[in-house]
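The same chain A turns up in both complexes below, where it pairs with chain B and then with chain C.
After this line comes the complex of A and B, so read on.
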């Protein structure tokens, strides 16, 4: 803070002036101190890489050499790249399956937890798959679902059905990967929904019961409307995560068979690190993905009115 | 050389070897200190570990060897180059080094070769030349070579009433597959015990496939169809290495590719997705009678539990010769290495008969120096493994290079998807013409 204005004719401001000036700033100094660590993280790990990524997308940089400015050439290449559009379609199909199934199941599990059990153990067990890392979960299912040696296929055959190529069939591979990730994320998503459920006052259900409403009716008329803002937020968060699916694909199929599971993130990674070390083009696709995700988030936020609560 | 990547597990093994002099300072000119050396084949690790121990005794340089499975190797290598933490010396592959040379990530060895008057004439013919980049500089010193052949289950062959002789004398053509296809059909058995060449064979319910197919889709075809296409009057490129026109649009090649993947429709080979592992695992499962692989995989086959394996060369094709890719791996020095002198000493040692004889004793690969290769052959014989099939192409057939071009990563990405699409039955081999156009457009740049 600067010294007192010379006009006061005094070397040091009186304690009174000093207090007033601090009051003028309100909580700002304290706030800055608290915000600082988060800001450093934000700038170093988010803002700067994002800006750098946008810059790279306008250059022909490779993994090893900084490139020159090429304008929108990378974006033009992207628009004309059939593999990119295929990756985009594949990713959307994955998100629809993953988020669709996951959200429905999560609400179901959360409502069951909310209405039927108070047991911490049950809640804990439901969360356990989330404690397994993505890579481990992917490897686990890769072995379980193997066409030749997988336990699941042994069971399938034991039941008299034909073995299923979970990861080897072009039409099954994305549903399979989507369900593997539903398995892993269901508990966590359910817990988020559950937290929303706990904010709904119990007396609403009592009133409902007094009026003779069925469980189903109460779910429709009480639970869902009051859960909406939480559900909106959960959808935004899980959908962003879902669009960025990478590790499961990398471990199980590497985008195969024949691009059937080549999702956008995996394609970006391949372009940057194994196809041509083409950081410029990979960055352009990353920026495109960011724009798509931002748009979806804003639309969703508004559509679900996630910032407004009907209880207020 | 394409080395088996057992499952997707990244087997990372770090071995600190004979950490003698501690190695401080000495960056740059003086050949001392500790350098890191990367390789991908776990089978070769003991051999090179032995080399490194001997090497540590000859001077002030010690070597730390790190091994990563093939699938992770190139990713790790790229990432380490970007991050500036790469190995000083690493095992390099013909299909990869061009890209690294273009990006200035590997060191041209010519000056060092000249300064030390190192004799590069000791290597078997055709091993050094492919390591000369378009600019004429040499980027790797050959260490070993390989060819591919067919590994078969001897018991199944006998059960089918066939002998090794039938395989060694088999001929092939892309129209009806020749006597080679007859053998494959005979080896195939459906779940009712009916053989592939018998009346009433049920292609939809096969118990043993006559021929396995590796799930490795590559522009080289090394792990799949190269033994067949090599016996056609066809080559990958207008000129190899460093050609700019691929020839996947050749009808002859396309006919052969259709024949190859068509074996699955006939029930003689597994359909796409049935096996996610390479042929050693396929033979080991007892559901496959025969499969292609490289000489480097010999140990994996011979050590299979309960399966006795023999090796036969590729069939004689329309050109009247049997054929195989003849591939050599080499050691390259990273441009980012701060211990160039020490790295060169190690590369030189790896390329010398001192080290290659040690490697030969381990009977895992065929060293690049002919004398050492003889020793390896003796070591294989001693184990009772008849590997003469791998030498047969040199003696009475044709060996050829896998395609070496710029942009090999992109080429591989385009070709692998196009090939897998054919295997999956989404399209036939005429679609390779479109893929060929994309590849050639890429190479024109």
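After this line comes the complex of A and C, so read on.
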């Protein structure tokens, strides 16, 4: 029996035919009320903007006025835009460095925690950077890596090397930003991997030890194979986040020097809000970025389905 | 550092293997070279994690004039709290300039309040409305349920950045640019993740409890508010903390919407404070004091809820 949606059951529908008719619909009246607010939010701020974003990419809209349909002109411009391709290359390079280093370190830290300690304190400490914003993380490293007063450059000089312009050198700026974000996300990623490790039955390690296997061998033959599906999932999720890098660039270099850190998301922001307010072109690049991310997401959903236990 | 208090799994997590306790005791009896090396690496990682925070505190308590002379000094050089006074806008422009500040200041209490308002609105609204939807998806039977749920889930695939420009236009058309409501609104009603997260949890609550309530004559709404929500409070609390954190740390969306002090949240204020610092000789003491003030609320939150937050990473699986 389903209660009337109008509230506390005081409003009693006339019995008989009405109730029989409602039976086929299950809890529909109540369900509609329950999902109404979320559906409004979903349509207004997710579904409609998604469609509108795709439409905008086919127009010459600006921030100030809606434009007319221009077909694929924005996409043609994108394909011919060297700054876009530079941004794309820079972003890929960033993701490779960021995710590569972060994943290797996260697995190392997670395995060490798994084999050495269950300490909440250790886990808490490594997670701390994740609690502060990207802006705060960027500020910390601006100071630490400063050319004149930064601690790291004091150490570099103390070791007899030349001081390094971490944020000012075209070939170092992306590695530097990638490492700042490794610092912020390492603990988080390690805990994700750690959660995966805990799904591995402990008796496998017992058996390994009885057989006299070394820790290294157990890592290769027990940990890695059983962790791999989970790791795939972690990798894809962190990659999607990594592709959207913006905050750190905005605070530290604003795309410089000479576009060396002008990642896609930053370029989109610039095109839309500081250079010409060109929403049409910015939307086209957003669509391109979404296609890249959607490809990764689809792989993620596949992996999730193949490995549902680890998700729950 | 070696306190290995066994972590009791809070309700709904269950991340600790029961076999861990005896195994640990046995392992501790033979500390081989590998274990020592392992601990060395782990301790180094923890030091590298905490060092930037320490350096922030140390620099915030230094004076700019003394910094060049002791750039590698592990303790504050020329100890002073002027940096904090500048960051808080308590120093006069003349004082500020004399200490190497830019004369610009942060109206810290105001930005703090703005951040609190936005993060609270987002958290309360998002969780309440997402929970309602999650309940309908998890516990009610109605035609079309699975289809609608898949559509919601598909929303997970739309990256946040993609909706930024259209949402900016929408917020502008609603006349909400440069308001806290404009910053909060797009995530105040729902996120697919929150619906997904809560649905998983609601689906795990035993049906008998709900049946009993129904026999007592409780309607769907009373059941939801008096039975389901309280039973799900661990999950709700976890999600609330994560949502609050995300809203608090957001930078790009407020950057688009906010145009003046009225709607400036902390992350933005910090970015602006940095942009105003002279490039040649930045006011490091003031900048680090401001950074510390901006980071402090989240660090305090972490101090209060560390265990829950740490466990939530395993529990939510993926966010």
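Methods note: the second predicted complex is superposed on the first by the 250 of 312 C-alpha atoms of A that agree within 3 Å, B and C clash if a C-alpha of one lies under 4 Å from a C-alpha of the other, contacts with A are read in each partner's own complex, and residues count from 1 in each chain.
Throughout what follows, a residue touches a chain if its C-beta (ideal position, glycine included) is under 8 Å from a C-beta of that chain, and two chains touch if they have at least 3 such contacts.
A quick note: this is a predicted structure, and the numbers were derived from the prediction, not measured.
*Asks:* Considering only the touch criterion stated at the top, classify A:62 as touching first (chain B), second (chain C), both, or neither.
*Replies:* So A:62 only meets chain B here.
*Asks:* Have a look at where A:89 lands relative to chain B and chain C in the superposition and call it first, second, both or neither.
*Replies:* After superposing on A, A:89 lies clear of both chain B and chain C.
*Asks:* Mind working out whether A:302 is in touch with chain B, chain C, both or neither, as first, second, both or neither?
*Replies:* Touch partners of A:302: none, neither chain B nor chain C.
*Asks:* Using the touch definition from the top, say if A:120 reaches chain B (first), chain C (second), both or neither.
*Replies:* A:120 sits against chain C, while chain B stays out of touch.
*Asks:* Please work out whether A:217 is in contact with chain B alone, chain C alone, both, or neither, and reply first, second, both or neither.
*Replies:* neither
*Asks:* In the overlay, answer first, second, both or neither for which of chain B and chain C A:139 touches.
*Replies:* both
*Asks:* State whether chain B or chain C is in contact with more residues of chain A in the superposed arrangement.
*Replies:* C
*Asks:* In the superposed arrangement, does A:273 touch chain B (first), chain C (second), both or neither?
*Replies:* Both partners, chain B and chain C.
*Asks:* Figure out whether A:165 sits in contact with chain B (first) or chain C (second), or with both, or with neither.
*Replies:* After superposing on A, A:165 lies in contact with chain B but is clear of chain C.
*Asks:* Which chain A residues are contacted by chain C in one complex and by chain B in the other?
*Replies:* Dual-contact residues (chain A): 63, 139, 142, 146, 148, 251, 273.
*Asks:* Quick check on the complex: what are the chain C residues that touch chain A?
*Replies:* Its residues touching chain A are 1-7, 15-17, 19-20, 23-24, 34-35, 38-39, 41-42, 45-46, 48-50, 52-53, 55-56, 59, 67-68, 71-72, 129-130, 132-133, 135-137, 140-143, 145, 148, 151-152, 155-170, 185-190, 192, 195, 200, 217-222, 224, 245, 248-252, 255-256, 267, 270-271, 274, 282, 284, 287-288, 291, 294-295, 298-299, 301-302, 306-307, 309-310, 313-315, 317-319.
*Asks:* Per the contact definition, I'd like the list of chain A residues that touch chain C in the complex.
*Replies:* Contacts found on chain A: 2-5, 7-9, 25-28, 30-35, 37-42, 44-50, 52-53, 56, 63, 105, 108-109, 112-113, 115-129, 131-137, 139-144, 146, 148-151, 153-155, 158, 183, 186-188, 191-192, 194-195, 198, 202-203, 205-206, 215, 233-234, 237, 240, 243-244, 246-247, 250-251, 265, 268-269, 272-273, 279, 282-283, 286-287, 289-290, 293-294, 297-298, 301, 310-312.
*Asks:* In their complex, what parts of chain A are in touch with chain B?
*Replies:* My answer: residues 62-65, 139, 142, 146-148, 165, 167-170, 251, 256-259, 270, 273-277.
*Asks:* Can you check the complex and tell me which residues of chain B touch chain A?
*Replies:* 8-9, 74-75, 78-79, 81-82, 99, 103-105, 272-276, 285, 287, 407, 409-410, 413, 417, 420-421, 424, 426
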